[in-house]
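Just so it is clear, A, B, C and D label the chains in written order, and each chain counts residues from 1 on its own.
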Amino acid sequence: MLKTGRSLAAAAGLALCAAAGFAAPASAQDTIKVGILHSLSGTMAISETTLKDVMLMLIEEQNKKGGVLGKKLEPVVVDPASNWPLFAEKARELLTKDKVAAVFGCWTSVSRKSVLPVFEELNGLLFYPVQYEGEESSRNVFYTGAAPNQQAIPAVDYLAEKEGVKRWVLAGTDYVYPRTTNKILETYLKSKGVKSEDIMINYTPFGHSDWQNIVADVKKFGSAGKKTAVVSTINGDANVPFYKELGNQGIKAQDIPVVAFSVGEEELAGIDTKPLVGHLAAWNYFQSIDTAENADFIKKWQTFTKNDKRVTNDPMEAHYIGFNMWVKAVEKAGTTAPDAVIDSIVGVSVPNLTGGYSAMMPNHHITKPVLIGEVQENGQFETVSKTPGLVVGDEWSDFLPDSKDLIADWRAPMSCGNFNVKTGKCGGKGS
Amino acid sequence: MHRVLSWLLAALIAVATPAFAADLDPLVRALGTGTYADTEKALAKLAETGDTAAVPVIEALQTGDLHVRKADGAVVVARKAGNGVALTDPLTGAALGEADRSAVEKIKINNSLRRSISAALGALTLMSPNPQTRRQAADAVFKSRDVNALEALDTALAKETDEGVRRAMFQARAAVVLNSSAPDADKIAAVETLKARGDRDALALLNAAANSGGAEVKAVAERAIASVEQRLALWGAAQNLWYGLSLGSVLLLAAIGLAVTFGVMGVINMAHGEMVMIGAYATFLVQEVFRTFAPGLFDLSILVALPVAFLASGAVGVAIERSVIRWLYGRPLETLLATWGLSLALQQAVRSIFGPTNREVGAPSWMSGAFELGGLTITYGRLWIVVFAFLVFAALLVALRKTAFGLNIRAVTQNRSMASAMGIRTARVDALTFGLGSGIAGLAGVALSQIDNVSPNLGQGYIIDSFMVVVFGGVGNLWGTLVGALALGSVNKFLEPYAGAVLGKILVLIFIILFIQRRPRGLFALKGRAVEA
Amino acid sequence: MSAEDTLLYLDGVSVSFDGFRALNSLSLIIEPGEMRAIIGPNGAGKTTMMDVITGKTRPDTGTILFEGGTDLTALREAGIANLGIGRKFQRPTVFEMHTVWDNLELALKAPRRPLKTLTYSATRDDRARIEEILDITGLSPKRDRQAGSLSHGEKQWLEIGMLLAQDPKLLLVDEPVAGMTDAETEQTARLLKDIAGKHSVIVVEHDMAFVRELGVKVTVLHEGSVLAEGSLDAVSANQQVVDVYLGR
Amino acid sequence: MLTRFLLMGLDKKAGVLLAVLAVLAVAVPVMALAAPPDSPWHLSTHTVALLGKYLCFALLAVALDLVWGYVGILSLGHAAFFALGGYAMGMYLMRQIGPRGVYGHPVLPDFMVFLNWQELPWYWHGFDQFWFAALMVVAVPGVLAFAFGWFAFRSRVTGVYLSIITQALTFALMLAFFRNDMGFGGNNGLTDFKTILGFDIQAPETRVGLFVATVVALAAGYTLASCVVASKLGKVLVAVRDAESRVRFLGYETERYKLFAWTLSACMAGVAGALYVPQVGIINPSEFSAASSIEAVIWVAVGGRGTLAGAVLGAVLVNFGKSYFTAALPELWLFALGGLFVLVTLFLPKGLLGLAAQVKGRWPSGRAMAAKPAGQKGI
């Protein structure tokens, strides 16, 4: 009994120490910490690792310029391992344990949704660099990727006008981005007078690798005597087998063009693009863009990665813009305190890589040009259309019944992410 | 006789070329000015001349070699030479010396331009001496349905002797007629021609005709559509069967290595997927070598990759067996844990070496593209994978049944102690068997690299399916694996059209669960006392 | 004779695995309280017979009745065991991870339903009974040892002990003395004999000395059916039997 | 009666573990709420959430060990039950949001609004009541497990075949939940929870409350499990694991026993999932993935199969290692983790507790004795 008693005591002590061991030692820092929250392992590593490297490069560049507010920047890299709960956990860790001034990260919508409450609870700053479905605006998140109106709708317009497309296949991976985008496009197309029998919607699971009959269906759908195009919101991994099947079944861009929103230079790097020449993608940046800033960026990137074949892509530019906006806002505010930065960053405008300026809007989305490019044999895109001006990211789509009345404006006094212009109240469409 | 004539004609044109060149020049020059639309207009004009001298110009435009010399705005063909470009005149082909790359600007083309280009080339090359080219020309016209090409078609048809080309031209003509304002009688004839052709492209045209055209044409067209669609529906079933077969063969390839390591040796090899992945990366490396040293022989790269992949994966397999698995025989579960750990490490290793992004594995010419078999579209890539899968299966079967090594394997797996008592070096046999299984997985990797991502996650996509196949077929029975793979493949493909891809897969899984209830030891189970022992 | 007043009644039972006929219309009758020895060369179907009786294998054809009425072919192992048919395997199978005591406790006649066992605790009688069996099998000193650590013979006895604890009407004992020393063999024979008093027993055995020691009616199986029946002397005089054993 | 039942179940190891849990249940709240933020003894909400997560996994591990360690059923699909419990709780939390969603819809969760669903699917009704959700947390995994086990055990599916179909089960469920048409939020799953039982889910007090609840649940689950394995039923289970057919010949209907343990285990897993979701703040179909099931198996193996305490230990240690490595060496942690699994299986066939026992020079006593020695056949 006594023995048991002792071991109990021992265990108790052990437990205490364990608990104490967790307690993070709070220490003053002479550097500004920047969190990088991108998956380095698991299914999303394929896309996100690159963004981690970009951030490291940007921070290195900034430090060469003397850092921010006279302090050096210190990157804090963690690996959420493509595991969504882990994203939230790591976000919390970055904000509470490492006390980072801002976090650059996330790729998938689910990862963003997972960390969102954490950033709002702990009042952190997240810069999200990937095109997404919209329908969200948070005080603590800055969306530097494209909203649907900065990518999908212009692309559809291009096909309808320049290619005279009358029949549409909306093919996507079965998750929220394609679902929402397709909903928006469906409404938009119908508003343009496209009949519903001329729209075919198809969803496939993640990492779908056997595209034989879907591609065949597309062919079939395309043989109704009207010009047909495929609008692809197929997610990263599944694209390679999809395009390989397209190429093999001989669907040429001249016959049935495919316009993709998630296929960039990185994805093409894994495919033999000869059979795909002419298929399209809509982005806000292409590596092939011929500007001084871009050339410089590409050079830095290739020297940083010690690989002169390394490509650049749209989300990388988004991080480039987002990071510079943050730096500018911090310097404007003279502090990294989140509230100050949130106030100062709205209206900040920095050069993008496509020869213009992008500005942070009150809805925490940014202005971007929309480019349509055609795939070339060398795996690059040839810009075939560019919007004359900049397009403002529209967080609440006008083509979804429940969100068309909503707007977001994070400036005082409104400071609301879902203000309803109809009811004049903050907080959704009410009832 | 006709042939001779056409040859003469061709020769004549060839000789005549320079004479026309002069008046073509401004048209060619116009290609280089303004937007895509302007280029397209210029191209149209160029095509209308019907002058074959324009062909090389248009071809240059198609291949993206046509440039504008910034200095004087002249349109030239610029091909890479050294670190500059060599300029030639698009019409005469006369050399215009070298220039810096920045001195010329490429004339960009987009999809609609590409369409007009192939249309123009079609119209212009109908008279080409080479039947192959004439055939392509006819098909191009068939696609473009360019009314202006009608004349050229008729002249060409009058001269055409080659039956195949003739048919192609007739169909092209029919397509054009339907697109034109020709009298209904001609259109009805055209409809019949297309009905005879009876494929998807024909269907597209017929549909268009049914939507436009007079009442009579409409009626005929609709009847034609009905018959064509019926025909295609029949072929559709066959097509589905083919899809099932090809998916099945992919599953077979993925699973067959596992049938050895897991089925025969009883090692729950969670790293099997990574063996496949290694095979795929081996393919990538081999192709890199070919790209750098022998681009000409690229078509052979896959063949070279096969043994390389087999050895690479096999070697890794042997290493794993010697270092880890050997300690775990008779503890299948522990093998599950250890190999799971290994698969994590292998993935990360590949990620650190090759980077996390996809690597490009190209398809050799003999594996790309597709051919029509009646109403079936069969892609060469898939076809070869099916063939390859069965070859591998047969080879393995022979290896296990007929060779001394196979005998040893079976001896060891059936009664280890007895085998060693009979002087079989069990340790060596174990290592080689595991190596064999892994090597086969490597071969699968070569095939899969043709249809899927070559990324560190490649294996993960197949590991579960592989286990399903092996267990469904009955552990330890190769035939079971074969039947299992093909069965699951075709079931999946038959469900997909009705249930959709996701639901289809779910149903297949449920089917497996229920099936195992009926036959707790898989399709080809051992019966009798041996089971309980 | 009619099936009613028999304990076990096999008629025309046949089983085949992948073409090989293990039992070939086997017919056999066991009287209540009888002890029967079954001999026969390897592959004669001895073990298969036990399998069909205990429900491990379903016969392709034939009837198996217990106590005249109950059709065993319709039941699964557990049901049959609960009717009062106990079995001892050729290879001693005891629960190696459990103590000798626990092995007996598991075998002891008691409610077999999960929730009953969840709340079960041994009554005084239960313990007394286990003690008793420990004495009979001479395992008392090793009651707390893990069964896995017992010697071969001890395992055999423990298994017989488990049969006793089960208190079945009919015991099927498969080669109880295989691999035993003579001393152990004798003791085992004694064990079986005093069991035979209260229960019917079927013993399958190769060891003639042992069968003789038992001194009971003998049935000779060959190629899945009965070749001869009678006292050991009688059957060993039977020319066919001799042929079978000498493999002529 | 019951007390005796408990006493019988609780050996020394259990005592130690329960003591540790008791200390945590007291210390953590104090350190998290009372201690000033700058003191070295203060626990951040991050740490509390982390500890809570570990303990949820520990409960899952205990559940798994009950069927694997004691009945020999290697389930590669336990994550499914965990996730189902999680979804049940997640649905309750979604309903709690009510009109506070971004669209301010009174009833529908946001993901239904913008995919313009018109009304709530029937299976979402009732989840606005905590008691109902709580019931479902146990019932859904329980019923599924019962149905699955009923068929599988009846038709005597065993060993690797059973393992693989459990994997098929969880894989099918994952695909199903990924489908947006299922009405469970597809890939995005359920997230952005606001309140639980009226408390703000992000308030440190609530977090501590959830943590304590988890500690209690783990303690209860552990006690229940160890009582079960200590009872005669437990002995039957171990007997089934080692020689199933022999047990049948003793007159036990082994199917029922397996079914009992299997269903009980599934319910425990469900509870673990339900506590997990509010603490990590999201539930998504990837919880169903085969990988997460296999990981759970690995926790048990690392700690020591067939020792409930080992399961707890393994779950906590492996996950602590994971959180540590993913931050400390993000590039290399997979090597560390992978290597760990290989080394454990090679050198610690009985897991860490087994090692401890070996060091003591004897096999672990009591529950641990049930651990299966290496080299025996079967999974």
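Going forward, a residue touches a chain if its C-beta (ideal position, glycine included) is under 8 Å from a C-beta of that chain, and two chains touch if they have at least 3 such contacts.
Bear in mind the structure is a predicted one, so any value in this text is a computation, not a measurement.
Chemist: Top contact pair of chains, counted by C-beta pairs?
Modeler: A-D
Chemist: Let me check something: if the centre of a chain is the mean of its CA atoms, which chain is farthest from subunit A?
Modeler: When every chain centre is compared against subunit A, the largest gap points to C.
Chemist: In angstrom, rounded to a whole number, how far apart do the mean CA points of subunit A and subunit D lie?
Modeler: So the centre of subunit A lies 33 Å away from the centre of subunit D.
Chemist: Measuring centre to centre with CA averages, how many angstrom lie between subunit B and subunit C?
Modeler: Comparing mean C-alpha positions, subunit C is 66 Å from subunit B.
Chemist: Taking the mean of the C-alpha atoms as each chain's centre, how many Å separate subunit C from subunit D?
Modeler: 44
Chemist: Mind pulling the residue numbers of subunit B that touch at least two other chains?
Modeler: Only 347-348, 502, 505, 532 qualify.
Chemist: Which residues does subunit C have that touch at least 2 chains other than itself?
Modeler: Expected reply: 56.
Chemist: What residues in subunit A touch two or more of the other chains?
Modeler: Residue numbers touching two or more other chains: 40-41, 174, 203, 205.
Chemist: Considering the complex alone, what residue numbers of subunit C touch subunit D?
Modeler: Against subunit D, subunit C makes touches at 54, 56, 76-79, 81-82, 86-87, 89, 93-98, 102, 105-107, 112-114, 117-121, 146, 162, 166.
Chemist: For the complex, give me every residue of subunit D touching subunit C.
Modeler: Contact set of subunit D toward subunit C: 1, 4-5, 8, 228, 231-233, 235-236, 238-239, 242-243, 245-254, 256-257, 260, 369-370, 372.
Chemist: Touching residues of subunit B toward subunit D in the complex: what are they?
Modeler: Residues of subunit B touching subunit D: 268, 270, 324, 327-328, 330-338, 340-345, 347-349, 352, 464, 467-468, 471, 475, 502-503, 505-506, 509-510, 512-514, 516-518, 520-522, 532.
Chemist: Which part of subunit D faces subunit B closely enough to touch in the complex?
Modeler: For this pair, the touching residues of subunit D are 74, 148, 151-152, 155-158, 160-161, 164-165, 167-169, 171-172, 175-176, 178-179, 245, 290, 294, 297-298, 301, 331-332, 334-335, 337-342, 344-346, 349, 374-377, 379.
Chemist: Within the complex, which stretch of subunit B touches subunit A?
Modeler: These residues of subunit B touch subunit A: 36, 108, 110-112, 114-115, 118, 143, 200-201, 203-211, 239-240, 243, 246-247, 250, 347-348, 351, 355-363, 368-370, 377, 379-382, 450-457, 460-461, 493, 496-497, 500-502, 505.
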